[in-house]
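Okay, here's the structure, questions in a sec.
Order as written gives the chain letters A, B, C and D; numbering starts at 1 within each chain.
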């Protein structure tokens, strides 16, 4: 159920409606929009009586939601969600196409800093890099854990990049939440509902990757899990699905971008690195992702891909990333969007910004 | 096996090498390139002795080809193939992104002419429309057959559009070859090897659609069947593959475009209408297809989609097609390519062109 | 639309109803059953008025069929279809589980006769072997064509085995129809509608293989194409579908057996050789196929699999086939069915039978 | 790396080799077999020098393992693993085909006890039922949690059934480990590596379900995660994979049973309830699973499926389960295996057994 408030409803009206919902034992999710505020109700296994709210001050309409997802739906919130970050003007879901770049895994301070400088110069505003790596084999490199997170935090201070990194369980999420700006939930954990709920109790934005065989509905329901706990800053990410096709590691399903945008107000970005698994496909598919209307890209870049401890084959050389940025910048313009410009000296700029933010 | 001729080899050298190949009971496929001519050899189940050719005049190198495809391969022909048509300057595989548009099926003279005028005005150079429709049910509309082909031929005369239409068996191919400019082999027939061989004996270019569950190698091998019979004007077409995903009719696999371009010299276009099956996804995926580097688009347009006898849900309204053309024209420019401009009065222009061509 | 006749309707009643249908420009398909005859009507794009038939002699009920398939449906014919053959008491769809065995391709008279003797001794009643091979590569062995068919006809005469072999186009179907007992339509041609219609005009039973990515509905509709032309002796065959799984060549979908049996009266057999692509999986999956309720098996057997010109990896050694027959014979008994017993001297027996049949 | 001990190596020899391995900072996994003990070594990112062990007492051979999985492999342990349970003679992987049955979710004490009595009477030795339910929607019934586990423990005491139930995170695993006999890891968590490691530190056997899009190698690697932590009692479970096919909820891949048995010593069972999602397909596919060689079945049974809080459509009525048991019992005999016989009064028998065990 969903309560649409009148355009001129007061904050007190909204507060009263939420209080009534909570008093009935349910949860109220208030979603302010440009024109109106809508309030989602969850926790109601049985139907609520619309009459309970119809006559309250400021209530315009009570709507039954037939779709399985409620909070992710455009029915609840017509405007696109723009995810914002503390101490930064970077956004996901706004006019600027968000670019997240960095190595698959944080391997060392040197590797991370070298890569970060490259991607910051090229215009990336977000730095990606795994400290906890979910690997198919228990004998593969599993990441530097908290040491990796500390390196990431230093990179934020040095280059002013927002940090995106994966949490693989509740314990690592506690730490990721502490050090990073955005908590990534990986494809393998898209239906790890315990982890989704924990992420939903965090105040940091969440980057939720589509599972390798997830339908659109399952993908949206995973976001709903996070939102149902009160964290409304969720960014979706298409990263390829598993099919019979063997010329790429996964099959990048770009059609899911307009499909999500039709049903949900949440932003959606694309990961052409995992989506193709092949370096030479990353740039063409990045162009395509921006052209299809994605709100961002997440790209693997490594200063020395052949020696990467994971996913080297799909990581770009720094020069290739500069070229990619140039190309997607032009494509973005065709769609009336932008991609951040190159930065001559990111360290200088960002140290100041970082200091100012404190 | 593949024989690379020297840059300055004469036509007579090439002729001599081909004659030697034929005299041994094999087939020679001469592929002239900008720098050199290469000659593919097929029909040799056992290995030929390279020494047979090494010392012939003009021969630079004899190469063993380990890949299962030979004639489609860039090993044989480094330059992109540009498919050309009689009495037209339109191409597929050249700088201009080829746009083919029209209804799923030719339903009547009126419907076809109305659509043709719309798409010609918007800048399409090719008209698509089925006279033979492979339908899942024997009780569905199966197309107007030769009557449909006659309408298509009139459209070429009236609007100067090149005609692309599907052949479903040897009998219909005889007629399609007579009336149309380009013979389409549908996805369901991608491994109808008898039909592929028949298309290979035609002199008209062939548009070969990827099967719904075809790997890249199977796709290229299907083109190889056509080429092995002597028809080298083959255009590949990605039209979506079947996966578990249910938000689109098929999953459009744009990564196959750069994958084909890496391995083969043949042009590849994209069909976002069948690839998504939903009108609202066609334009975003068309932008993405051009951005990924496709050599063309094939789009379903219908003046009254809700009454279409087939595939109405995925057909664009004429106005939507105009908008699509505007968008892809700008994307194409970013890649250094073009899309043909709108034409104010296609009938006038083309009648003249058509007359001149006679 | 479907007309159910009364239990005691006369042949003349049925004839009259069919005549009325035909006089309206439609096609009547009379399906006699144990309790009643039902008459399917095809060719009616618009709805017929049930009143046209309601009052005719012997008509019990006129039923609108909402499913896209009509003639394949159990709505039309409740009893299982049992496919019978001239001059043989072997059936498909009866109590006996039909076993078809033989090499992938007929390579030579010797190879075919050796294999035939082995499989006949082990109890197979049908001999399979390709004279026309649809191969992914134009450069692979394409079969012996009519020479292969002649060898197959000799095998029928010598061992009394019924011959099942594939037709790949209208021309080869003419010949297969002449020499063989059952016309196979391969997976790649499951939606070659032109070929399906041609098979529908044959009087020989048809073995229709499921396409590599065909849904159940598409599979049944392909059978409907054949039946709509008047050939009601169609046997379906599950042979594995294409998925992401890579431990077998295809993923054998045994659940389709009970699914078909629920919706259709047609028999369905299983091909574990193509379904798995691996010799060591053929026997376990054959047991499973009989256990799930399949009406038969089609198995590749080769006297020297390592030298087979096609599909050697999935062909059983003759001894393995004997073992397979022993195992499935016991499984069949659990389901109240049988598998034919071994035959000490198939040539002796069958020469007599064959002579008698002349 | 893997060390094979001589047939007559003493326990002290084995102890010494393990001590040497541990002293080098690695982990030793001793796997006693009928003929020999083998010792797996994990934790070695770099190659160990075989010479370190060659000359130790009792060592026969040092083998480099090239496959990514080590402990799950038949290279390490040739004999089938038979998983045993405290206070019960039931096994998984032995001659008896293990049957696990019960409702999808524990809904109430009544529902659970009623079902348990039915399945115990029919011969099931294991009771399944979820206390923690991973549901696609956050608003669906999520299980009774510890209250459900307590009901399950009562059922063990009353009917002597071994309890199998799912853990969805580390917290629930602590409780499942306490109350149940076997810890289930669900398909969605097959690559929740944190949970796998936690299960690996448990002393209770683990039932590991194949992920919905997991390859055979990924499936085995997930088991390897558990084993690498020291828990060698892992049972694999095929429960259907996601494909384009829409006539069943998932596509049950029975070929994975012989595929696993070829590569691994671990037992594998089949879940035809989730594998098909349709009640009428469960019995035929159960027959097929036993026929293909599975070591067990896990079946959903509910006394009132139409009112089940989850998965009602795929749950059998108790009578259908009795029938299923009769059918698979006969199939098992064909393979030289057995299925436990019906029990007239499970409560009487088991209370005694349970008392004795204390």
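By definition in this document, a residue touches a chain if its C-beta (ideal position, glycine included) is under 8 Å from a C-beta of that chain, and two chains touch if they have at least 3 such contacts.
Note that the coordinates shown come from a computational prediction; the quantities given were computed from them, not determined experimentally.
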| item | value |
| --- | --- |
| Selected pair, greater C-beta contact count between B-D and A-B | A-B |
| Chain of greatest Cα-centre distance to subunit B | D |
| Centroid distance [mean C-alpha coordinates] between subunit B and subunit A, Å | 39 |
| Distance between chain centroids, defined by C-alpha means - subunit A, subunit D (Å) | 36 |
| Chain centre separation (subunit B, subunit D; CA means) in Å | 52 |
| Two or more partner chains touched - positions in subunit D | 213, 242-244 |
| Touch list for subunit C against partner subunit B, complex | 42-43, 45, 68-70, 134-139, 141, 168-172, 188-189, 191-195, 197, 212-213, 217-218, 221, 224-225, 228, 242 |
| Residues of subunit C touching subunit D in the complex | 213, 215-216, 241, 243-248, 251-259, 262, 275-276, 280-281, 284-285, 287-293, 327, 330-331, 334-335 |
| Residues on subunit C engaged by subunit A in the complex (per definition of touch) | 242-244 |
